[in-house]
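Chain IDs A, B, C, D, E and F follow the sequence of writing; residue 1 opens each chain.
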Amino acid sequence: MTETPLAPDTLEKLKSVSTATISTQLIKIAGMRTRTVRSVHAINPANASFVGPVVTLRYGPMREDLDARASIVHEDNPTRKAIETAPRGSVLMIDMHGDTGGGALGDILVARLIYRGIAAAVGDGAMRDIGPLMDMGLPVFCKTGTAPPSSASIFAVGVQEPIGCGGVLVYPGDIAVGDADGVVVIPRHLADKVATAGLEQEQVEAFIKARVLKGEPIAGFYPATERTMTEYRAWVSSGRPAI
Amino acid sequence: MTETPLAPDTLEKLKSVSTATISTQLIKIAGMRTRTVRSVHAINPANASFVGPVVTLRYGPMREDLDARASIVHEDNPTRKAIETAPRGSVLMIDMHGDTGGGALGDILVARLIYRGIAAAVGDGAMRDIGPLMDMGLPVFCKTGTAPPSSASIFAVGVQEPIGCGGVLVYPGDIAVGDADGVVVIPRHLADKVATAGLEQEQVEAFIKARVLKGEPIAGFYPATERTMTEYRAWVSSGRPAI
Amino acid sequence: MTETPLAPDTLEKLKSVSTATISTQLIKIAGMRTRTVRSVHAINPANASFVGPVVTLRYGPMREDLDARASIVHEDNPTRKAIETAPRGSVLMIDMHGDTGGGALGDILVARLIYRGIAAAVGDGAMRDIGPLMDMGLPVFCKTGTAPPSSASIFAVGVQEPIGCGGVLVYPGDIAVGDADGVVVIPRHLADKVATAGLEQEQVEAFIKARVLKGEPIAGFYPATERTMTEYRAWVSSGRPAI
Amino acid sequence: MTETPLAPDTLEKLKSVSTATISTQLIKIAGMRTRTVRSVHAINPANASFVGPVVTLRYGPMREDLDARASIVHEDNPTRKAIETAPRGSVLMIDMHGDTGGGALGDILVARLIYRGIAAAVGDGAMRDIGPLMDMGLPVFCKTGTAPPSSASIFAVGVQEPIGCGGVLVYPGDIAVGDADGVVVIPRHLADKVATAGLEQEQVEAFIKARVLKGEPIAGFYPATERTMTEYRAWVSSGRPAI
Amino acid sequence: MTETPLAPDTLEKLKSVSTATISTQLIKIAGMRTRTVRSVHAINPANASFVGPVVTLRYGPMREDLDARASIVHEDNPTRKAIETAPRGSVLMIDMHGDTGGGALGDILVARLIYRGIAAAVGDGAMRDIGPLMDMGLPVFCKTGTAPPSSASIFAVGVQEPIGCGGVLVYPGDIAVGDADGVVVIPRHLADKVATAGLEQEQVEAFIKARVLKGEPIAGFYPATERTMTEYRAWVSSGRPAI
Amino acid sequence: MTETPLAPDTLEKLKSVSTATISTQLIKIAGMRTRTVRSVHAINPANASFVGPVVTLRYGPMREDLDARASIVHEDNPTRKAIETAPRGSVLMIDMHGDTGGGALGDILVARLIYRGIAAAVGDGAMRDIGPLMDMGLPVFCKTGTAPPSSASIFAVGVQEPIGCGGVLVYPGDIAVGDADGVVVIPRHLADKVATAGLEQEQVEAFIKARVLKGEPIAGFYPATERTMTEYRAWVSSGRPAI
C-alpha cells in the first residue's frame, strides 16, 4: 500500500490536540467510534504525549521449542527488525494479543529506541523494567508491568503488517497520538482533516473552559453554538485577552 | 421518597472518618457488606477525599440513531439536568453499567461542576481529559480514563433514580464518602449513626496505631478491648500527650 | 520440610538484582516461566523494593456465621499467628484466592508488621487504608485498595502452608523479591544460583545499557555475545570508567 | 413516549427471520452494530425462538436492609408489576447489571408468565430452577443458572423504563427476537422495515445455501449479486422446485 | 474438628430438595448468601443431582520442577489420598484456584471414584476426557473441559483442609448438594434444619406451581401466605388430588 | 517454510487419539504445555471430532470505513481466499483476537466449507447461525454464538500466516485435533511422534480404565507401571478378551 502523503504541518498540529478531541473528530468526520486503544495507559502519566506514524510489530503466543528463534540475536527476528528499521519519529505499536505473561520491551531495548529517535512505544500487553523506564524519557504505553521476558509468553511473528492493538485495527503509516487519556490511532488518510479540525476544536474549547470556570452556564454555550463561535471569534480578534 | 433529615454535624464529622472505618461501621451497625463501589479509583489519589449527599445520573448503552438526542444541547438531556440541578456540596454518582467505551465527563463539564460547587463525581465507567482533570481540583473517581466522548458508547437515560454504581445500590440523598481506598455509600437513614460511631472509632484507632508503632502487641489491645478503651480514655483525659 | 540453608550473601546479592533479571535467570536455570505474581502492584511504586524469605497466610471465602472467629482477637486466628510469628526480615505472602471484596491488611496491622521488622507484604487481593499505607514505609503489594475489612469477604484458614498467590506456587521459606515490575518468588533451593547469576547479569546489562544509549547497535552486542563479554571484562579491568 | 404503530404482519414476518439476518438488516438499514444482547444464551437451545414487543424490568444491586421490600409480596414491587401487567405476547427483558449472584426468575414466576401468555424472558444475569425451566416451554435467556434467589444479590427498582440489557439500549415497545444465536432488539420505529427486508433476505439465502451445498461457488453468487437475484427470481417463478 | 452428627434422614430428605430451595433456606435460617459455587456447571445436565458430605482436595499453581512429585504415583500425593480415602457416598470438592489450564480429573480417575462409590466430584477449574465423562454416570461439575493434564497447570497440595471452591468456604464434612442450577454447600451444623425446612418448602412450592399454572394469581398466594398454607394443608388432608 | 512431510498413517492414527492424550504426549515429548486452544468449545459436542492440517485466517478489529473491503465479494478478501483455497481435509483456524462482537462464519460459508471437504473450523471468537450449524455436520468450535456478521466487529487481514488462536501459536500446516475436550494443535514436526506414542497410550489406557472400573486400585497400576505394561501385553497376546 503506497502511503497517503500528509500535509507538512499535520504532525505539528496534532501535538496541540488531545486524544479526547481527536476521538470526537473521528466520530464527526468519519463515524469512527473504535480508534482508542483499550486497556493501556502510560507508564509515566507525566510523560505520555506523543505523535507519530506507526510501525507495527506482531506477537503470537510462545511455543516452547521456539525459544531460541525468539531471541533478537537472529537477524530476521521481527522485534529486532522493527526496532532497527523504524524511522526517526515513528511510533512502535505492538500487537501482543492482550497477553501479559511477558514484557515485550525492557530498558535495553528502550535505550535503543531512544537512541534511534523513536517517538513512543505502545503494546497491548506488558512491558518490563518499569522502574527504570519511568525515568528514561520515552512515552511507553502498556496494560501492566511484569518481570518475565517476552519469551516466557509471546513470540514475535511479523512486522509492518496490519495488526489489532487493544481493539483497534492499525495499519503501518497510521498516525498514533498519545496523552494521559491513552492512545488514539488516526487512519492515515484522515490525518490532515482531523489535525485541522481538531486544532480548531482545541482552541475553541480552551476559550469555553475558561468561560465556564468563570460561571458561563453550559446551556446555549457548550457544545459550541452560533453564539459561542461569535464570542470566540470576537475574543480572538481582540487578541485573546485573559478571561 | 421524602429524605430523612441529617443531624447538622453529620457531614462535618464524616470528613474525619475514612472509608475503611465507615465500611466497618456499616457492617457493625447494619450488617451491610456491599456498600463500597467496586473497581473505581480516584484519578488523583492526592485529591480523593470528599463527603456529600448523592445526586444520581443513569446511562444505558448507546444506540446509533440517538446520537443527536444524546447531546447535552437538549434541555431534557439527563446529563445536563444532573449537572445544572445538583445542589452545592452534592456528589454526582453515575451508573454507566460498567461500560468504559466513552468518558462520561471531560474537562468542560467538570469545569461547570466546579463552578456550581459540586463536591465530587463518581462513575463506574470511564472519564476523559484525565490529564487536565488531575489538576482541576474536583475529586473524580472512575474505572479508567479514555479518549472517546460518552456518545461513542453510552446514552444518558435518567436522573435522580435509584441506580447501581460499581455494585452498590444508590438512592438520591444517600451519603457518599471518598478517599484513597475508594468510595463508600451510606444509606441516608444510617448516616448519623455511622458518622458518630465512625468518628469515635477513628480517634480510638489513631491512639491504637501510635501505640502499636511503639511496640504495643496486638493481642488484647487491637481490635479495641476493655483495656484499650480504659487506656484510651485515660490518655484523652490527660490531654492526648504525644505517644 | 527442613529448609535448604542459603549462602550467607544470597539475600544481600538479591538486593541488587531486578525482578526482570531474576525472571530471566529462573527460565535459564530451571525452565520456570511461572514465578511472577500476576495482577499485583506496589501501592507506592517509589517504595517497592524488598527481598526476604516467605511466611505464608491463606484465606478462603468468608462464611457469614464465622465472623466472630474471623477476628484476630482469637489466639488461633491465622492472620494473628502469621503477623506475630513471622521472623524479622521475612515477607508475608497472602493467598486471598484473588478476592478483592475486603482488605487483608490495614494501617494498624501494617504498623505491627513494621514494628516487628517484616520486610514486605504481598496479597493477591485487596488492602485497605491505602492512603496512610503509602507513607508508612512498608512495601505492600496487592491488586487494589478497598474500604471493607477482610471479614466482609474472606476468612483466614491457615499459616505456613504451601499457597497459590497470583498464580505462583509459594512455599514457606521461598525467597520473594519485589520492585516496580512486581513480585517474583524464587524456589528456596534455587536462590543461591539465581542470586549469583542474576547479580552478574545485572552488572553486564548496566554496561550494555550505557553503551546502547551511546549508540552501540544491538546486533551482535545484546543479548550479550562473546564480544560483549570481552568488552565488558576489559571495561571492568580498566576500573569501570564512565561510558 | 407514544408507541409507533407496527404494520399488522410485522411480528408474523419476523417469526421467519433469524437473528443473524436481523442483525445484518439493522446494519444495512440503520448502521446499527450494537443491537445483540451480549453474553446470554437460551436455557434450552431447542426452545429459543420468539418474537414480541418488550416490557422492561430493572434491577440494581441489593442492599441488606431492603430485603423485605424486595419481596414480590408487595404490590409496588417492580418484578410483580412487570409480571402482572405485561401484555399477552410481550417479551420480559430484565436489566440485571450483568450480576449473576441470584436468579431473577424461578419456576413459579415462569409458571405465572406462561399462564399470562408472555412470549419469552431475557435477563443479562442469572435464572434459577434451570432444570424445571428447560421443560416448561417458555424461551428463557440468561448468562447462567444459579441457585440463590434474586434477593441474595439484586433488587428490583423500576418497570417500563429505558434499560441496558447485555450492552443493548432497550426501550419498552422495542421488538425483541430470539433464536439459538441469541437475542436481537429492533428499535420499534425500524421493525416494519427490518421485517420486510429480513424476510426477503431469509428466502434468498435459503436458495443460496441450497445451491452452495450443491457446489455453486461463492464468488459472484454470495453475497447475492445481480446474477443471484435473477436466478432466484427465476426459481421462485418456476414454483421453487427442489434444488 | 469433630463432626456434628447428622439426623439419620437428613441426606435422604435433601435428595428431594433443589439447590434453589436450599439457597433460600440458608438465607432464611442463617443469613447466608454465599453458599453457591460460582461458575461451575454439570458436565451432563441430565446427570447433575447428588447429595453427600464433602471430602476436600486443594491444588496450588504448578511449579516446573515439581512435575515428578505431582504424579499420583506417589503415596503421599494429595489427589491419590483424596481418591483412595474418601468414604462411599462422599462428594469430592476440589479447590483449583479457578485455574482452567489443566483438568483435575480424567476418565481413569473418575472410573476409580465410581468404583469406590463416590457420589460426585466438583472442581472450580477444568476436567478432561469430558466426552467419556458424560456417559460414565458420575455427576461431575467444573468450569470447562480441557485437554491438558492437571500437571500442566496445577499441583496438589493438601487434603481435608478448609478450602475455597468457586467462592464458597468449604469444610470437610459440609453437605454438598447439586442439580442443574449448580452446587450448594450447607455448613454441616445447619444441614438438619435446612433439610427439614427445605423439604417442606419443596412440597408447598410444588402445590403453588401447579395452582399458578392453572391461573392462580401470585398476589396473596406466592410467596406462601396464611391463605396459601391453609389451602395447602387442606389439599394435603384431602390426599393431594390432581390440581 | 517447506512443510515437514507426515508419515502416511499419522492422520489416521490421530483419529483414534483423544486431545487429552495428545496433550499428555506433547508435554512428555516436547515439554509443551501451551497447545490447547483456550475458551472454545464445539457448537455440537456430539460432532466434535476431527483431525487435519491447519489453514490459517487472521482478523483484526474492524474499522468503520473498511466495511466495503471487508466483503467477501472481493477476490482478495482473506476470508474468501481461505475458504476457496483450503485443501480437502484441512482445518480452518481463525485468529479473531478473542473478539465475539460478530460471527466469522455463518451457515452459507459453512455450506461452502462442507462442499469443499474442509474437516473443521475453529475460531477464538463467535460464529453465527448456530442453530442451523448444529445440524450441518461440520465440526465448528468457537467461544460463543452471536447474531451480527463479522463486519460488525472484525476485519479479515491475512491468510496462511502464523497466528495466535486461543493462546496457541499456530502455523499453517500444523496438525489440529478436536473432540469434546476442545482443540489441540500439534506442531507439524512432532505429529508423527505424537500420533504413534498417543495411539499406544490410548490402547493402554483403555485396558487400564476397564480394569479400574472392575476394582483394580490405582496404586502401582495407574499411571502405567512395569506391572501394568506386563499385564497389558499379556492381555494383548491373549487376544484382548473382555475384562
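By definition in this document, a residue touches a chain if its C-beta (ideal position, glycine included) is under 8 Å from a C-beta of that chain, and two chains touch if they have at least 3 such contacts.
Because the structure is predicted, anything quoted here is derived from the model rather than measured.
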Proportion of interface numbers common to subunit A and subunit C (over half same, under half different): different
Between the Cα centroids of subunit D and subunit E the separation in whole angstrom comes to 32
In angstrom, rounded to a whole number, how far apart do the mean CA points of subunit C and subunit D lie? 50
Measuring centre to centre with CA averages, how many angstrom lie between subunit B and subunit E? 39
In subunit A, residues with contacts to at least two other chains: 31, 33
Can the chain contact pattern be summarised as a line, a ring, a star, a complete graph, or none of these (other)? other
Pairs of chains found to touch, sorted by chain label: A-B, A-C, A-F, B-C, B-D, C-E, D-E, D-F, E-F
Enumerate the contact residues on subunit A facing subunit B in the complex. 18-20, 22-24, 27, 33, 36, 38-39, 41, 45, 48, 179-182, 184, 205, 208-209, 212-215, 217-219, 222-223, 225
Which residues, counting only subunit C, touch subunit B once they are in their complex? 71-73, 75, 80, 83-84, 100-101, 103, 106-109, 111-112, 114-115, 128-131, 134, 144-149, 151-153
Given the complex, residues on subunit E that touch subunit C span 30-35, 59-66, 97-99, 155, 157-158, 161-164, 167-170, 187
